[in-house]
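Multiple structures are listed underneath, in structure tokens.
In the two complexes below, subunit A is the common chain; its partner is subunit B in one and subunit C in the other.
What follows is the complex of A and B.
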């Protein structure tokens, strides 16, 4: 029983990371109109930059700080150089994000990948505490805390700031938002800036748990898509609920059944959800009304 | 004998630079000429109607003014300055557009919808807000409600309130009467005309209901064949729609 609870807690922590990646996917989908397949690898590439800085003698926290600034710039560059130009329809842009996904993986292999995978130092304290005979790891508890702070920040932005209101407007009705003077492209740029920073954070929290290598984000990206679908692809809050469900179930399956079925269980949850609720748990049907 | 005269025969209004001026506008959709040499003006404080049958290009005309449809020729000026091509820039230049279907953000509250009308930064105009709250009391009453829960008429009020709160120079209203009861329509159009006159806002109203337009507008244009003609006889519906 103690083991089960401890697995559930670490599943929640992992699920919140999945949820955060799913949140980025849905946030970009809603603000720019396109779900970006490359977000995972953007985080991976940025984590490599922090790793290189650290390896060359910089302290881990300063390296993370520099990496965060680089990530904001990186996010802006990706939007301005790769996605915004050439216009095109949404399918065109979607394919470009797949190309970016492959390009970033290849670039990581070429620039950083000679001896991969690497051990990545943890920013968070190791060890843990026993509460009623259950082992709770510090890293899991702090991860939960960090994600809660970020979610609160986003909720506050959406509710109380002009910028947040404009994000919601663009997400719901991009055309009407522009008619009201909302600068949609500027908002997309800001969205990619935020996405770049969040992606690095996911990389920094994930890399110490597994290892740092160019394909490190592939499993969590699949989990994140499943989480986004479970939450209803249009619901920002639903992504975290979807993430926790996927995180906990896959952790339990891995512990008690075996890792062969981990990915299958995530996809099973997704299919089951779609069978019962075609729009996900929190999604709304796309209905047009005159 | 036709009472529909070509607009070019009309003497142009005294103030040629103030307000909205569309001159020889052309819009093409994949080669087809939807708008083909349309010219009209809306002076400050004036309420102008644009009628025409389904598919005549009424909505396209408004979309071309606000930049949602690409203009392939002609000029669109506001106070003598050419309007930009991107919708957000047109809005910031002083054109408000209540689009087809009203463009209400259903998941946001009425208050949040109104706040979006102030995205283009304008000096706070307390007199205008006061006048709007007086003209559309329902909007004030429903402030905290999700806009998607409102009836069609209430949503139309919110859309008009949101369009006017930013003190635009010109307000474009698409399908004014859509979903409105005759009484609600009467209230809305009277409020619109009064507010426009009081605050020097030009209003261009698109609608199918030509009788309503003739009753409340200073001028009515009829759109057909991609261009407009001044339509000054309310009774002459037959020749306007069936010739």
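What follows is the complex of A and C.
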């Protein structure tokens, strides 16, 4: 029983990280209408920048602060230079995100990959406390706090601010929103700026556990898509529930069945959700008038 | 050029049809099956498929081996992961090999002949390594060397056996390629399984027998290695508590760590690719787990890239075997000076690459002139106790033994670097 509880706790911690990546996917989907395959590698690349700053003598927290500013700029540049030019429909933009995914991995290998993987120091305190024989890590507890702040902040933004309302309007009715004076491209730029910062946050939380290397996010990305589907591609809060479900179930499957079925179990949950609740656990049906 | 009407009404050029009819049953069946399935728009695809099959079948089986090029150059083929899951471990090794070959060329080559290397990335993917190997065969390389990984060699070797081109010195564990003996496969390094089999009794003798858990990356060799390790533990007086497997690139090792932690093992044996092993040890640290005595590994993890990912708390508990000397012992070697001149970092994996290239050089110098694949094989099979490299122990091959190194070094860790604490065999 102790093993099961420890695995569930570990699965929740892993699931929160999956959920954060899924959160960015859903956020960009809600605000720009396109799911971005490259978000994981955007975070990976930004984390390498922080690592290089730290390796060259900057303190870890100052390097993270500088990295956050760079990430905001990086997100804006990605939107302005890669995704926005030449228009194109959703399929076109989706393919560009795939290309960006591959390009960032290749660039990381070229610029930073010589001696990878790297041991990345943790911004959060190490160690933990035992509750009933189960180790609760301080880093995991703080991650829960970070997640709550992020979700609360974004939900509040979408519900009670003009900016959030404009985001929703552009996502649901881009042409109508533009006609009403909403500057869609400005909003998309802001969305990518926020996404860039969030992606770095994931990288900074993940790298101490996964080690920093160019493919650090790849195993998580698939789980993140599954979490977004399970939670619902229109529900920001649902991504974390989806992530926790994926994290706990896959860890239990690994422990009691075998690691051969870890990925299969995540995909099975995704398919089951699509079959039973096509819009996800917390998603809403998208209605279009023809 | 005339056209034929295919079974389903597609048109195919007459000459292509003739070529298909004469090329052999497999290609004909492929072409026929393709004709039956595709419609008019698929005729170009069907023709291309058949033509590709023709080309591929031509590449696979000349069986004549390779030899010097028209200019007298000695052509070698290297297919190696420069990207992918093990790219970071294998790429430096490759750079070191190329640096040594460049040094040999700069100092007169092999009896006046330059070494030309066709160096290709296979991304730790068997299919890509096959594509590269077919290209090497078409180029009539003298030998294929410098591979790094366990997934690719089983796919490459059948082609090289058929082409009678030696496959030299893979950095990887492929038990299936040694038993039964493959005529063209020569390795310097004992398999990871046989290293662990030799290392476990040494560790028990030095630190006492105990309970052992094995952590595996799932590869074609991992079931064999697991059985070998279990048998070795029992034979040496220990208790085997379990084999825990994870696919390459596993995202979360916490469940495996928690399972092993429950068993409170004295030793944890690592049979993993370096990146996974480093992340596994990180998960051990995160979950407050360490074996009672030692973490035991083979040359798969005798690399600085692995060590860099191990927490400072766990490093003193590492014992790994290696068929090459530690970087600390490489100070006066030619390899060190060549690597430094080529701006290649001197570390375990690059010394291995340089040492491997030195053995290749020795074989090429020993082989009868003009150099041919058959001559290379004969030269290797006549080597007995030859100190072919500063980095490896003396190597011996024969017609019935294609593993050159029979003794191992044992490394511990001090101040973040490997250093020799003992040796096995020799």
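Structure notes:
Keep this in mind: the second predicted complex is superposed on the first by the 287 of 290 C-alpha atoms of A that agree within 3 Å, B and C clash if a C-alpha of one lies under 4 Å from a C-alpha of the other, contacts with A are read in each partner's own complex, and residues count from 1 in each chain.
Definition applied: contacts are C-beta pairs under 8 Å (C-beta built on N, C-alpha and C of every residue); 3 or more make two chains touch, one makes a residue touch a chain.
Note that this is a predicted model, so its numbers are computed, not measured.
When the two structures are aligned on the shared chain, A:166 is found in touch with subunit B, with no touch to subunit C. Once the two complexes are laid over each other on the shared chain, residue contacts for A:179 go to subunit B alone; subunit C is not touched. Set side by side, subunit B and subunit C differ in how many residues of subunit A they touch, and the one touching more is C.
With both structures placed on the common chain, the touch criterion links A:135 to subunit C but leaves subunit B unconnected.
When both complexes are overlaid on chain A, the residue A:57 reaches neither subunit B nor subunit C.
Shared contact residues of subunit A, touching subunit B in one structure and subunit C in the other, are absent.
By the touch rule above, subunit C contacts subunit A in their complex via residues 83, 85, 87-88, 92, 218, 245-247, 249-252, 254-256, 258-259, 262, 275, 278-279, 282-283, 286-288, 304-305, 308-311, 345. On the subunit A side of its complex with subunit C, the touching residues are 2-3, 6-7, 10-11, 14, 106, 109, 113-119, 128, 135, 137, 208-211, 213, 215, 218-220, 223, 247, 250-252, 254-255, 258-260, 262-263. If you check the complex, the residues on subunit A that touch subunit B are 162, 165-166, 168-169, 172-173, 175-184, 289-290. Contact residues of subunit B toward subunit A in the complex are 66, 68, 86-88, 91-92, 96-97, 99, 101, 103, 105-108, 112, 115-117, 119-120, 162, 166, 178-179.
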